[in-house]
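The structure under discussion appears below in the form of structure tokens.
Letters are used for the chains, namely A, B and C, taken in the order the chains are written, and counting of residues starts over at 1 for each.
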Amino acid sequence: MTDVTGPEGKRRYPLRWHVMDALEGAAGVLWPRRMAPFTGWLLLAPALLLVAVLVLGMVQIAESSLHTLDRSTFLPSEDYTLENYRTVADSATYLKVIWRSLYGSFLTVVFTLILAFPYSYILVRTNSAFTRKALLVALFLPFFIGQVVRAYGWLIILGNAGLVNDALELIGVERQRLLFSFPTVVFGLVQYMLPFAVLLLAPALTAIPREVETAAGSLGANWARVLWHVVLPMARPGLIGATLVVSTLSLTDFAMPAMLGGGSQDFIANAIYDQFFRTADQGLGSALALLLVAIGSLLVGAIFAAFGAGTLAMGGRE
Amino acid sequence: MEETALTVRVHDVSMDFGSGTKAVDSARFDLETGRFLTVLGPSGSGKTTLLHMIAGFLKPTAGEITINGQPVDALPPHRRSIGMVFQKLALFPHMTAAENVAFPLKMRRWNPKGIPARVSDFLDLVKLGDYRDRRIHELSGGQQQRVAIARALVFEPELLLLDEPLAALDRKLREEMQLEFRRIQKELGVTTINVTHDQREALVVSDEIIVMDGGKIQQKATPVALYQQPANDFVAGFVGVSTFLDGSATEGGVEIQGTRCAGTHMTDIAAGTPVRGGIRAEQIRLGRSAQAVADCDTRLTGHVSDMIFEGERLLYVLNCPALPGVDIQVYYHDPDAFDLFEIGSEVHFGWRARDLRIFRAAR
Amino acid sequence: MTNLKGSVSRRTILRAGAMTGGAAMLGTLPATRLFAQEPEKPSEIIVRAWGGEWVEALKKGVSDPFTEMTGIAVRHDLTEDNEIQPKVWAAVAQNRIPPIHINWDTTTNATKSALRGVTEDLSDLSNLAETTDLAKPVGLEGYPIVNTYGYVYVLAYRPEAFPDGPPTSWKDLLDPKFKGRIALYNDGIGFHFPAQVAGGGSLEGIPDDMGPCWDFVEQMKAQEPLLGEDPDFTAWFQNDEIDAACTISTNALAAKRNGVPIEWTVPVEGCKFDTDGLWIPKGLPENELYWAKQYINFAITAQAQQTWLDGLGLPGVVPGLTPPEGLAGDPSYPTEPEDFEHLIRISSAVQVENESEWFSKFKEIMQG
């Protein structure tokens, strides 16, 4: 940059200015200024493309849900029929599995929030940097371990010859079956969901000024009433967000029921898997998959209807 | 003074956070019922810590606080009868104005039937009767202040604490709210402790002022007494004294590098003791000729080194060869002649002996 | 793999050696085709296989010798059999080249693919002449699949849980002390037919009168059995989660070889006998199809079967194999006609048609 010629020859401008000007110029050629009103759409394009692909997939699944499987050729039937949906509606098994998924995800939400709330509260409010770091590490270490590996870990820890039963035997309690039941599945889900819930709750709690809690105390509320009347209502966006994420993730979960359920605690995703991969009945599997999407959407819709989309702290507010 | 008229007694209270110096060091004062006390001090002086100990958010490491004769140190905040207005107001954003005001009544288990009427009374008291159903974020800054006051007072607390609630407001609104505080306090007769770093606010609103510095109470006095009889050079500086002269005491004055200046000893000071004299900018006379300062006890000449236009008055900064190293600040008020003295021009100035207050150089 | 040069030269040497040795091993192949007109060799062929003991045995008995003889590398794709099926079906439907050359599959699942018409006909494999009837799929035209061995869904048990001797009947498992200590396949496969007998029904009742089967499954449900897949059984026996299981003998054998004290038996009601096979999806290039066929042709030679099935502990489809150590006369290793007396064999056609119904009925009871 020493041999600068032309009208700017006398002055030495910072290198960064030259670089930025060159980049601006290049950007101007690629995306002219008059296109500026469409810049937002350009940035949205990848997301829209992704959604479009998803919608296409959904359409395909919807189409295949309208054909039954012909077991003499193992090809889908030619004509359109609602038979697959009738099969689901008439089946006690599927209703049971759907109910189990909903109930399981409800319990998971309740227990996850009960555990995540104090965890996030201490994480946000503690004055000790060490405590905060320790809590974060304890939270995220398992987060980076996949769901399947974690479920496998529980198989080892909770097994008949596992750590927990060893400990029980030491204190004189007989070894017992801790695995392969509905509570175990919910337990596994809660443990899996905890970091998600804390991640969503912590910012909501950070947004509550400490002074507001102090004020509530000076106005006559003991800690329980501060929690009930002030902290919980003010943490509502975080609670709703965590409820949405945890409920939809556990409603659609596959690995925990498959691994910790001992085969008799299927959720909807397991039933879908069975149809696609075990009995090769793509039509029935598709019908179940669409049903799961519908149930999930209804759930999210119901939460929005009850609490409003603004509860996620999205949209403008002064 | 009758025992029953005493609301707050702070008895040798200290707070030690373990950082070397004590945040509050043996504070001691009494406050009578119905009085408005302001604790004035710079940031870090310990004034907020003192207030938080009275409110119950902090437990003193030594000493005792009693309210209406009852020691309160063992009581958590929600068991004390104290209303508090916080620096950032700490209103509940998920409630309306009326719900905010009703909150302490519900928490203190007032008869639910009486609550709506009382909330209305107090919203009227702060001129918010028409805004009862607004959410907090729908109110202006001043209106939010008033909700906070109503909320702190509605449950008839024995004591009202104000933790610099006006610090964030612009000057005009702040002055308006100072008068509002004063009016409401007088109307209800509630004993009040206010904390601020704004000496003007302290002088305007208070019955009594405590000046704190370095965790210690420097002086407790009425606003007028504080202004006229500051106990030391720190208090003097905090209530508006802007020019200080360091030297040694003489009979009826102070000697600074050979120059004798007439002044008033605030305490009994032996000649030769290191002292510090302080004088307000408005108490120094200024003129182009010696006649203008003829009736002063100390008369000197100097040069104008700077001039600051403040609207209603001019602030001149003078340098004087007889007082080397001192910037002498002088207010000059003459509606006809703002630019009377050019920078660099020679001026005569002086003061009366009663206006130069001389303190022992303790610090 | 770090020394490319070294590996290339090693392979060249192996190939040179294999050409002469291979001619002897693939004795029934016309020598002219092998040496003169054989199509171009692909660099590798992909065989879908089950993991664990299963793929180890295949590699040792078939894939490694095949590579040695032909110089074609064999890659094992361990995708679940159930998951590869829709992928292959989709590839054939869309006229794409399928993701694998050879699928190692259960005969029942393979029959579905055959019915769908996605399998290549293997009738021209020269070594089929040497095989027993077991190699021929029942109820299908020609050889869309070649069965390669049979296996028994035995009653595997932990001897210490049966101090009075091995269980003689499936009904022995209804003893309350086995509550939560029994494992079945999660679709009930292998258990339906003995349950039909144990429930008081007859094999003729399959598939039209399965009431006794479901009665017995209901009784078993009260025992709260664990439901899993092949790897689960071995793990559960190892971790002391179960005392008894209805599982393929190979899984029990694997646990035993891993040092778990475990035995197996065929109770009076009988055990399901079934076969696995190999097949080739349609849509492969001509030369790759040729070499995939050669792989299967080799897999049914006595030499390949001996090593492969020693690993699995299962009876093959060529006569005269030597049973693995300790399995001679074992109920899980049937060879003579009388060995088959207590084994239940139902045609693939019936199974394929009714399986998903049995499966959902079993699920309905177990998920209840």
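We take it that a contact is a pair of C-beta atoms (placed from the backbone, for glycine too) under 8 Å apart; a residue touches a chain by one contact, two chains touch by 3 or more.
Only a predicted model underlies this, so the values are computations on that prediction, with no experimental measurement involved.
Would you identify the shape of the chain contact graph, picking one of line, ring, star, complete or other?
line
Select the chain whose centre, defined as the mean of its C-alpha atoms, is least distant from the mean of all protein C-alpha atoms.
A
When the C-alpha atoms of subunit B and subunit C are each averaged to a single point, how far apart are the two points in Å?
Here the centre of subunit C sits 91 Å away from the centre of subunit B.
Counting only Cα atoms for the centres, state how far subunit A is from subunit B in Å.
Computed from C-alpha means, the inter-chain centre distance equals 54 Å.
If you average the CA atoms of subunit A and of subunit C, how far apart do the two points sit, in angstrom?
That gives a centre separation of 39 Å.
Quick check on subunit C: which residues sit in contact with 2+ other chains?
In subunit C, no residue touches two or more other chains.
Quick one: in the complex, what on subunit A touches subunit C?
71-75, 91-93, 96-97, 100, 155-156, 159-162, 177, 179-180, 262-266, 274, 276-282
Show which residues of subunit C lie in contact with subunit A when the two form their complex.
Going through subunit C, the ones touching subunit A are 80, 82-83, 85-86, 89, 112-113, 115-117, 180, 186-187, 224-228, 235, 239-241, 352-353, 355-356, 359-360, 363-364, 366-368.
Which bits of subunit B are touching subunit A when the two form their complex?
So the residues of subunit B in touch with subunit A come to 55-57, 76-78, 80, 82-84, 86-88, 90-94, 103-104, 107-108, 137, 151-152, 155.
Would you pull the subunit A residues touching subunit B in the complex into a rising list?
Going by the criterion above, the answer is residues 209, 211-212, 214-222, 225, 229-230, 233-234, 236, 317-318.
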